[in-house]
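Letters A, B, C and D name the chains as they come in the text, with residue numbers starting at 1 for each one.
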Amino acid sequence: MPLPTGYTVAIAQTALALLLAPGLVGLIRWLKARLQNRRGAPVWQPYLELRKLFAKEVVVSSNASWLFRVAPFVVFASTVAVAFLIPVLAVPSPFDPVGDLLVVVYLLLLGTFFLALAGLDPGSAFGGMGSSREMTVAALSEPTVALAIFALALGAGSTNLGQIVARTMADPAAAVSPGYLLAFGALFVVTLAENGRLPVDNPATHLELTMIHEAMILEYSGRYLALIEWAAWLKVLLFFSLLGNLFVPWGVATVLTPSALGWALATLLAKLVVLAVVLAVFETRVAKLRLFRVPELLAVSFVLAVLAITVSFLVR
Amino acid sequence: MIFLLMVAGYLFGALAALLFARGWVARWLTAAGAIIGGACAVTLAVAEVFGFDIGSFQIIVVLARRPWWLQGGVIQDPAQPLSAVFLGVVGAIAIPAALYSIGYTRAWEGRRSLRMPGAMLNLFLLSMSLVPLAENILWFVLFWEGMAVTSYLLVMTEAEEPETVHAGNWYLGMTQFGLGFILAAFFLLLPPDGSGDFTALAKHAATLSPGLKSLVFVLALIGFGSKAGLVPLHVWLPSAHPAAPSHVSALMSGVMIKLGVYGVLLFGLRLLGGGPAWWGGLVLTLGAVSALLGVLYALMEHDLKRLLAYHSIENIGIIFIGVGAGMMFLSYDLPALAVLGFVGGLYHTINHACFKGLLFLGAGSVLHATHTRNMEEMGGLIKRMPRTALFFLVGAAAISALPPLNGFVSEWVVFQALLGGASIPQREVAVLMPIAVAMLALASGLAAACFVKAFGITFLGIARSHEAEQAREAPVSMQVAMAALALACVVLGAAAYAMVPALGRVVAGLAGLPPASAVTVSWSLRVPLSAPGAVGQISPLPILLGLALLLVAIPIGLWLSRASRALRVSDTWGCGRIAQTPRMQYTAAAFAEPLRRIFAALYRPTEDVSIDFHPESRYFVQSIAYRAHIIPWFERYLYDPVIDRVIAWAARVRAIQSGSLHAYLTYLVAALVIMLGLLMLWGS
Amino acid sequence: MDSAFGQLTVLGSSLVLLCGLTLLWRRGSAAHIGAFAAQSVALAATAGLIAVVTGSRELWVVAVILLGLKGILMPILLKRMDRRFGGPRELEPYVNTATSLVIGGLLVVLAYIVTWPILDVSRLPTRAGMPLAMGLIFVSLFVIISRKKALTQVIGFLALENGIALLAMLGTYGIPFIVEVGVFLDALMGFLVMQIVIYRIQETFESIDVEQLNRLSQ
Amino acid sequence: MRLTYLLLVGAPLVAALVAALVRPYLRGVGVAGALLSTLSLAAALRLAGQVLAGATPTWGPSDMMRVDALSVLLAVCVSFVAALAAWLGPGLGRDEHYTPAQARRFRIFSSLFAFTMLIAVTANNVAIMWVAVEATTIASALLIPLHVSKASVEASWKYILIGSVGIALAFVGTVLGYFDYVHLAGERESALNWTSLMAAAPSMHPRVMALAFVFIVIGYGTKAGLAPMHTWLPDAHAEAPAPLSAMMSGVLLAVALYAIIRWKVVVDLAVGSALPDRLLLVLGLASLAVAALSLVGQRQYKRLLAYSSIEHTGLMCVGLGLGPLGAFAALLHLVNHAVAKGMMFLLSGRILDRYHTTEMGEVSGLLRAMPVTGGLFAAGMLALAGLPPFGIFFSKLSLVRAGFATGHPWLMALVLVLLLAAVVAMLAQINRMLYGAPPAGVRVGESNRWGLVPLVLCAALLVAFGLGGFGAFQTLLDRAVEIVSR
């Protein structure tokens, strides 16, 4: 049989990511429930939610404008676009030269941007509050991300994900270099912030005064909400696979043979599960921070990133 | 030829304004002149930058007798692509701005004549087009000052408001301040034979001592920085730009301040031919600081145009980060990276001209419709003026550096240059780069936040005032102008393949940069944009297309998967409260509140909240007045002391004129005695 | 002969200077006018002396004009003004008499310091008096500065002119005649104009105390 | 050529005589005076043409009168501003603020004023020049209190006393110069001629000439309004009727400066230019500083203009201390300033007539009340601030250039700072007058439109200088510079 070409693989892995995303989030929820001695909903609960939401009618505020209806699609599209750029299964992806880490970051920012606007559109107090807080967190996490990228680029000599992965696979020592580890830590915190996880935001709460992301999308329902949720879950998965594949690249397929791809899939699942466990444990351990303590957390991650840079300067 | 046509166009426009002064004829002819001029400028620039041959456009002004300063050509041979870039920027924004003015100035009918504003607009454009083309001191300074005067008069257009006059005074003061430094910088380079030609200056500069060169550079940086609005020389900008009519604001923010960048490049690269690393470091630092402070102050603004003005400071900062990085790499002999830095700076110059022009025009339409610049009185405009809203949204996304628009691409190039900074041999210097990266990233993040606020509060939600409810969509001419610029934002983003190599050629060969061949990249849709020295590659066009494709595909997907298409319109959920009022919405102040708290160290906000309760019970609040002020650091601690000092001195000096005749005669005799003393002193 | 001539001119010029110092010493307009008249006469005498020795006809005329104009006409006009205004004695000057006289002395010394170095330029026997002339110039400047009454200031100014005339005579035996005429004309005109303005001051201020002229400031 | 010269200096004299003799005063007298002044201007221009053709004519016993490029340059300025004043001054029957007696007085003395100034700039004999300059004081002093008021009388007294004392000192200088010359070349009629002084200068005694120059600078500097001898100037300019202020500020200062220039050339040859340059730089800088700081917070617009005159004279003085380039700048500046200040003071007269106050605080909405006047006023302000397209921009520019070219960077830094202060102060003040609404009771709309024509012409001239529309003027300027920097 002919080998699948790069493009089919790239598209396939995007589809896979979309497919796995709800499951991953379901897994995290389940784990957290377990850790909190609850039975918890089944792992596939998110899939059911999606089906339900897609089936339901949409209620749109009378104040909302066309932007409110466009936003979900933009968010979903930008996230999916990111999925194309991130090495989930195999490198080098033919889409690799299309965009590097910076593009990834700013595409996600694009999604956030529109979501925040959508939050303001219906003119409800909560939406504005959510948007304001969301943008604050997003803005404050930017420098950390940039510096983490800087650190990685220093190590790999490129900001393109494929090359970074390839480079790390080339010399495994780099993966355990302090610079990488620190950058990993920084990115992990950013992951929490960007995905609205504890301690920055509690995805489970709908208590008005504490929510950030949820407040922003409070007005959404039906298929719009489905798209947004799905995009959010996909984002989690993408960040996980970033963390997994950038810092622990083993298993990522470099040749497009079925066996390699299969092995890649297996390792990917393993990484996702591990990270899910880590996140679940972490989220059960920590309590949510007050909003104005969040900058301190991000400052910590920023310091980590700065250390990462300096270290990688020193070992250069 | 085309050059002459350009000049003629502008002059025609000015003349038309002077002759007709009012009515649609005046509006159209004035705009027509500017548009012709702008088109010619763009043609010249494009031909120059992309190397099409349309024949040389050198002309020499011939006077009956030429005094010292007229020796040499006025207008340079197109051997200076750098100038062509800025010429192009002028023209590119001139066209939409002029088009816009047709509709914008209609509101003036009966209230205000078009004579001054129209004529000044064209002369302003003319002098701005000629500044980068000037080839010797006199002409440069002449056009430079011409630019200052015309823009000053344009700022004073709506001088009924006292704050306009105040802004005008600040503006003129800072202009003259800057001019002093520029003159000093130029004249320190003056060769013995007194020729003011730039080539002669450059030749003479090569013979100067490093110390003197550095002095000249710093002088030039201060002089041109004050025009560009670098912190801390920016104080005039946030008041002057908003005061002007919106199409003029667009030109000032989009184009005029860029000529400050040109000035720095002119000195740094062409006249002084590069210098020690700290020059670049200084520029880089100032840029980074400006970028961050600019956006931080923008966040606290609720005046739409002032907000945009502060963002000009931010973007100038970004441009200077690129330029500064370029200069540093140049001094460390990293030509490829240097080119990258300069290209980033120039590219962002062009892009910022587009989206800032667009945003100011958008703000102008809002002002035109609501007669206020205060965002707290707007809201819901997206339903009343949908097209303006769309264009403004594009601009907002572009300035927030969101892919795939142009803002992102140029910031990406700057980022790449900074990332390359790791290869600077001196570690302690190289550490500067990540810091710059962090500040740049923070700035762009905050910019995104700020424009969510700007667009969201202005256009989304419910109208907060009667004017906002009654707003009407802008006239067609204004829409077309904005549409053109919005399109430019998209195209410039996608056409990076064409722009980056071209800009690379522009800086090629300057001050020991590698020749054009080293930086050219053949361009095609497939070849990803990878400038030499960049450590990454992106392809904006595919990103654009991909996003578009997805945006089409997703609805189709939903349709195929037979997702419900039912839709019901209902009230916004108001916590169980039935009627929703505008006062329940988030305000601009509230939106910025978290950041104000987080950066309280900078803002030192002083808030006063006055609540008056219901007479019966303190549980019912009747009204809440909330006011928050932030410390204007620079005005209060940098400028005011100086001004106060001068005024104090002035009081003392005026006391000389005491009114006593005897005192006066005593001065006279004292002067005589002192002079005799000096005679003894110097005589022998 | 020459030396004797020199002595005489020096004597004359010291008389002229002395009269100038008298302006500092005495109070009261009458005394001042008298001093000025005496000074002009002394000046005319010196001019006449030089005319005799050099046999220059022009200088004779100059001497006569001096006598007529400054020795007789102007004092009369001044007297009339003084009577017209009848003002009190010179108001308390800025600097009291003793100090003024000391300062006057110092000014003469200054004049010597300034003038000595240029004396060797000249071979004229009269040159020795030039410092005195310069001294008179300084002293009369001081008079103008330190005295409050407009009238006194005018007298001081006239003394200043005398000083210059003396300087010219001693240094060069007088400037070309035609110029001299112009100068005299100016002097007269200036004097008249000053007189007119003083009358104006009297009308508008009911006094000629210059102290009151302090409306315009800053 | 002699006829032309006679026209130049004679026309004002005749005008004065006519005004003095024709009684009662008729409107025709004013018209005649205006026409005669125009005649004199024409003569000046013709003379300029002849000088350009290479002639340097001399007249009078022992050539006491002489016209070269420098003097003709000044002569043109003087007669131009004099013509302006004559055409816009009182006594043409349009303005009711003046009684016939006042009109006559103005006609007589303004013509005499012009006459003396013309004599001063065309005199070859430096003593005659002195006599003429002294005479300017006499001629103008009586005009200041045209409207008798305490302020105007006070101003005229201060003017006449300070002026006379200063001029007397200048005469000391002249005498010293003569003293030196006589002992070099012996007595002769032509001894005091500038030409013969120039001829003898190289062998003159440096010490004497230096001493003489100090007296000259202080003396004529007093008339030129150089600090600290400037104190009479703001009062006189502010209190004098507008046309006279225009003449004093526009050309009187220039004439005094001209006298200094004449002497400086001689002294440069005798002493070497180092010392005179330094003295001029010191005085110029002092004037610049005093003026610039006095402009800050100035409350009356006429005083504002007066101080700006001091500022600009100071600039010219600095320029004269900076060698040939500086001299060029100074002369260009002199011409521009003459036109600009003439225009400004005449405009201020129009404003005063309309608003009846000299306080800037009480003047507002000028652009609305008198569009053209206000516009010209604003333009003049920009011109005085040294902005293009006006001529002063170039003179300032070449001045700064001269400073740097002759190696005085710090001096120039100081000058630039002071200029900044002056410009900002002036424009900030003027803006208050221009905008807003006119106070109640002030009539809106231009009156006496014909009176605007000459002023518009002035503005046009300024722009012409600014756009480098030189040609012949340029040549004349270069010739003058050659004379100044022998």
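Keep in mind that, in the parts below, a residue touches a chain if its C-beta (ideal position, glycine included) is under 8 Å from a C-beta of that chain, and two chains touch if they have at least 3 such contacts.
The structure presented is a predicted model; accordingly, all values stated were derived computationally and were not measured.
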Per-chain CA centroid nearest to the all-protein CA mean: B
Contact-richer chain pair [B-C vs B-D]: B-D
Intercentroid distance (Cα basis), subunit C paired with subunit B, Å: 69
Cα-centroid distance, subunit A relative to subunit D, in whole angstrom: 79
Subunit B and subunit D: spacing of chain centres that average the CA atoms, whole Å: 44
Rounded Å distance, subunit A centre to subunit B centre (Cα mean): 36
Interface hub residues of subunit B, defined as touching at least two other chains: 654, 657, 661, 665, 672, 676
Multi-chain contact residues (two or more partners), subunit C: 114, 141, 144, 210, 213-216, 218
Those chain pairs that satisfy the touch definition: A-B, B-C, B-D, C-D
Touching residues (chain side subunit D, partner subunit B) in the complex: 157-158, 161-162, 165-166, 169, 206-207, 210-211, 214-215, 217-218, 221-222, 228-229, 231-232, 234, 274-275, 278-279, 282, 289-290, 293-298, 325, 328, 382, 385, 387-389, 393-394, 397-398, 400-401, 403-405, 409, 412-413, 416-417, 419-421, 423-425, 427-428, 431-432, 434-436, 468, 470-471, 474-475
Residues of subunit D that touch subunit C when the two form their complex: 61, 64, 125, 127-128, 131, 134-135, 137-138, 141-142, 145, 148-151, 153-158, 160-161, 164-165, 168, 171-172, 175-176, 178-180, 182-183, 187, 189, 191-192, 205, 207-208, 211, 234-235, 238-239, 294, 298-299, 303
Complex contacts: residues of subunit B adjacent to subunit A: 379-380, 382-383, 386, 389, 393, 397, 400-403, 408, 412, 415-416, 419, 422, 427, 430-431, 434, 437-442, 444-446, 448-449, 451-453, 455-457, 460-462, 528, 530, 535-539, 542-543, 546-547, 550-551, 554-555, 558, 561, 563-564, 566-575, 580, 582, 584-586, 590-595, 597-598
Contacting residues of subunit B [partner subunit C, same complex]: 654-655, 657-662, 665-666, 669, 672-673, 676
Subunit D-touching residues of subunit C, taken from the complex the two chains share: 114, 117-118, 121-124, 137, 141, 144, 150, 153, 157, 160-161, 164, 167-168, 171-173, 175-176, 178-179, 182-183, 185-186, 189-190, 193-194, 196-198, 200-201, 203-205, 210, 213-216, 218
